[in-house]
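Provided herewith is a single structure, encoded as structure tokens, for subsequent inquiry.
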């Protein structure tokens, strides 16, 4: 059965149609528990395709370049960047917010969709969580190296120092960031790891070599699949989801506070928290689509990560993209409504000032491009969604650029206006972070379970049960 | 699909229909008594101006209080179709009835418009109040945006959209009761997306117009979201209360299960948290930046004799419902959940009072007490409207293709 | 099953048995079998499944877990920790004022409080789950059966433990056999050697030892004492390619790094050092000074410029109840200029008045009596060490040459700061002009009044009685 399912051409199956009363199948092909195991495990067990080696070669080189540049930065100082009066918060914070935003999709998919009983999350949550962790790693680097003396970055933490005799400043949103991003990174890691434990046990039990068996055995903590364990496991997982859901919201809320508690025009507006969160989900889902479309093709997982999954994600991209557009509009309206000349000027300056190109790139990519997802054809075409998701990624980077740079370069005092120009190092260090991100993701595909097998099987069990248990009103798609 | 059911079990109880006129009269009387209480406010300078201010503000706050249930119901319906939800099918009709009350409730907004054209600036200072016109910021807003004509046009536009969207969805739902055609669900699924976008825009601007412009000097971009979060919370509380009352009257017994109450309880809990998140975000940003034109709104509320009332919002609207609804056992227990929902209904009224009443004047006992009576009166009128709209309509969409799903699901873990 | 102790037992023939394990194709057969076993009264049972099977808790009679309560407690601990921490660190132990916000718990404490609540709860949920499940447990007798490898793939196992109080080897076998399992095996003790393979042990040891090296080095450096120069990471910051003042050099023949002025050039600001307009005295007349005055001149040009009596009064303990020095201070015998270098026009008088009232009147008062608002406020606080501002109308000031007054404004005196950066020389001279006018107004006689105005005066001007600060 497994071989039939794997060889089936998935492009023939469009399971995005959901006739009311008959739930469309979440996974296509005639799947059994074993075929799911086979499909997922072969990603790590089979030799990797050539594309993997090429991609890893490029990305690891880029990562090495990035790390060397960090070394160079520490030796030379942050002056190698273009940060200059009046724009002292430039690309580093733009990149930080960009990556933290991307990091929102994973835990959102695993936690919030879990609480909403969206079963389609099961095929994509693992890869998204991994992506979350790697994006947080990339995000965390920028403030770390921006503090100047990066080796003293631990001073951000409230530890009883014998040298300093002082404490961090808890009324600063930047310190809240330390706590928010730190908590988010560690809780996401726990969430990700905990979800992997049963699947690592599957890897262990399928390992041929004793070394592999031992390593996976240690990683899965000797998991047996005992029902007593499952019961506590599910409880803990649900509780983690319940905590992670508001945590996701809080992280980008705190990031938005970095800007919004100030008095800078264009930064201080009360819609920032939900608007940033919507933007973060927007960019995060776009990045998940960007990664999953090639991923499912490369590892022939089209039966598990089906068009329906992608379609749903694209709908969320459309929804959050529209929310972001609504927030832009509200901000613009309120800039007029407040009758505050500085606000008014800031928004006019964004659209028609020296950074008009950044603004209109942002609007085109963030507000207009996701509207293409109103068309079902584009929502279910892997090529189209890949392109659009990249547009969204670009747009969301520009959004942070527009917010940070335009407000700082022209604020209250025209005599201190300026124009920000990035240096070569700004560009290379942003590009380099993708090296880290993609290298880590490729290693994840190589060594760890990329799809939550146990959860997919659980959903399969429920749908099979529903199909057999009732009078057929549900249909029997499987 | 052949679900056997007793037609009488999904209709509104006859005793309710019989009591509807009494309920309406009680509501009207309470409303009038409440208004009269405003005149017991200590008059400053010997005129009745403060009384009129209390009266109009109280009316608006209580109107928005009950209207928000119906408005949130419209959002809920759109959302259920957008997400193709199955679990909510058996409770959806009750929300649909709430949604179709919007045209009735729109009539209750007419006094506000009449008052505007009367030339009164008691409620909306931008309506040619000499004192406000001295303020150049308000004066420039009042050139074309905050004028009684444009305000009325916008209000009519919001209502038109809400009424059209709501009644169209209700008509399709009723048609499905007859035919059981799945295509009717498909149409609604298809249009829910665009409609929800317009809804977001209209709700946001209605909040700006109706509530935020009471203090025309003040502005907060999050205000629409704030009202939305509170309304959704109130809506779920209202749904729980109505469903429980119907079941206690012997109706829809098997169709609304403990799982539905559990889920509505979760949503209630979720929106208590979401409201707190939004309210905190608004407060902390304004508190931190400390810009005078923004802080004034909070200064009126947190200093002076409204302070006690406003700080009460934290326990009433957050701590108590949050701690109470946290437990799964409470959410699955009918009497406890009902108690929680009634508390949240009160908390939502408290929140609306917090938003509106401090702009009327200082916190005085009699106007506030009258406002409370008015709130109960408004709820009674709201109840009458519900009975009126629910008469002759099955309380469950019996031929919705997703009903079996709603009947058979169970809540996992949480 | 807890007494399981893997050991090398070559002589032990029959491995210990821990119970029976039955294998099923699907979860429904498992559920049926589990209910049957439960109904037979066994409680020490367990099922092993590749995913959480819906309904198995009820079928096996598994009781709910205490996990949520542990997590709830952890959450409150996190909340309390965060609030206490912020209150203590920023409100008590290390206070600092940030944009006028209050100390202690404020809205600004909420984000960190929330994060720590979540952090504590989430880690507790995970760790408590691990602990309650008694994980990690790497050696487990159920792993001895190779069929069990499929428990994480697609097979379902039901296990009855030998420790159950109703356990009977044969009856359990019969019971499980009656549920149509795919296979039925006895769980036997793991007889494989439990010692770690030597290479792995060595590898682990190596990792631990190498891991300790950096820690030891750091510890040694923290606690130890070394005379070796420090390691220079930032070479270009530690050794900057520049010379400091007074250092020798090989670049120039005279070995001096500080270069003398090139002939025929004037440094920026140098001209002003020659011009009485900027100085208040005439440097060209300096040659006429005697030696002691020259020293005095040098001292006036240093930043800590002060004259002897004022220097004494600057000390905080100089609490003066008597008026400011009645003896005229010993003025440096500098060649002060006596004549204003600007013209006494209506315009400059107005400028002087404006600037005097802007900068000087806060202390010296509008009339120059030394009774400005600052003085009044300080005086009303009556702290004792307030030195009253000088009145413009005491003899000492009246007799000062204009150049000296100019010098005082430029350099400051006593508590008075320098106004050179706030006022241009022209403005300073205008102030001097205005002060002169103020002084004159108190000492004018009828001849000073322009002829045309005499008739408008209906009484004599006040007697020239400069008000001093003697009332204080």
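Going by the order they are written in, the chains are A, B and C; count residues from 1 in each one.
Convention: a residue touches a chain if its C-beta (ideal position, glycine included) is under 8 Å from a C-beta of that chain, and two chains touch if they have at least 3 such contacts.
Since the model is a prediction, treat every value here as computed from it, not as a measurement.
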Set A-B beside A-C; more C-beta pairs touch across A-C
If you average all the Cα positions, which chain's own average lands nearest? A
Taking each chain's centre as its mean C-alpha position, how far apart are chain B and chain C in Å? 46
Indicate the whole-number Å distance between the mean C-alpha point of chain A and the mean C-alpha point of chain B. 35
Hey, how far is the Cα centre of chain A from the one of chain C, in Å? 32
Give me the residue numbers in chain B that touch at least two other chains, ranges are fine. 284, 288
Which chain C residues sit where two or more other chains touch them? 101, 108
For chain A, residues that touch 2 or more chains besides their own: 234-235, 239, 246, 253, 257
Residue ranges of chain A touching chain C (in the complex, touch as defined): 32-34, 37, 75, 158, 165-173, 175-176, 179-180, 182-183, 186-187, 190-191, 194, 198, 201-202, 204-206, 214, 217-218, 221-236, 239-240, 243-244, 246-247, 250, 253-254, 257, 453-455, 457-458, 461-462, 465
Using the touch rule from the top, collect the residues of chain B that touch chain A in their complex. 1, 84, 86-87, 136-137, 140-141, 145, 182, 185-186, 189, 193, 197, 200-201, 204, 208, 219-225, 266, 273, 277-278, 281-282, 284-286, 288-289, 291, 293, 400-402, 404-405, 408, 412-414
Quick check: in the complex, which residue numbers of chain C touch chain A? 27-28, 46-54, 56-57, 60, 62, 65, 67-68, 71, 85-86, 89-90, 93-94, 96, 98, 101, 106, 108-109, 111-112, 114-116, 118-119, 121-123, 125-126, 128-130, 132-133, 135-140, 142-143, 148-154, 200, 233-234
Provide the residue numbers of chain A that touch chain B in the complex, in ascending order. 18-23, 115, 117, 234-235, 238-239, 242, 246, 249, 253, 257, 260-263, 268-274, 318-319, 322-323, 326-327, 329-331, 334, 337-340, 374, 466, 470, 473-474
Where on chain C does chain B make contact in their complex? 99-101, 107-108, 110
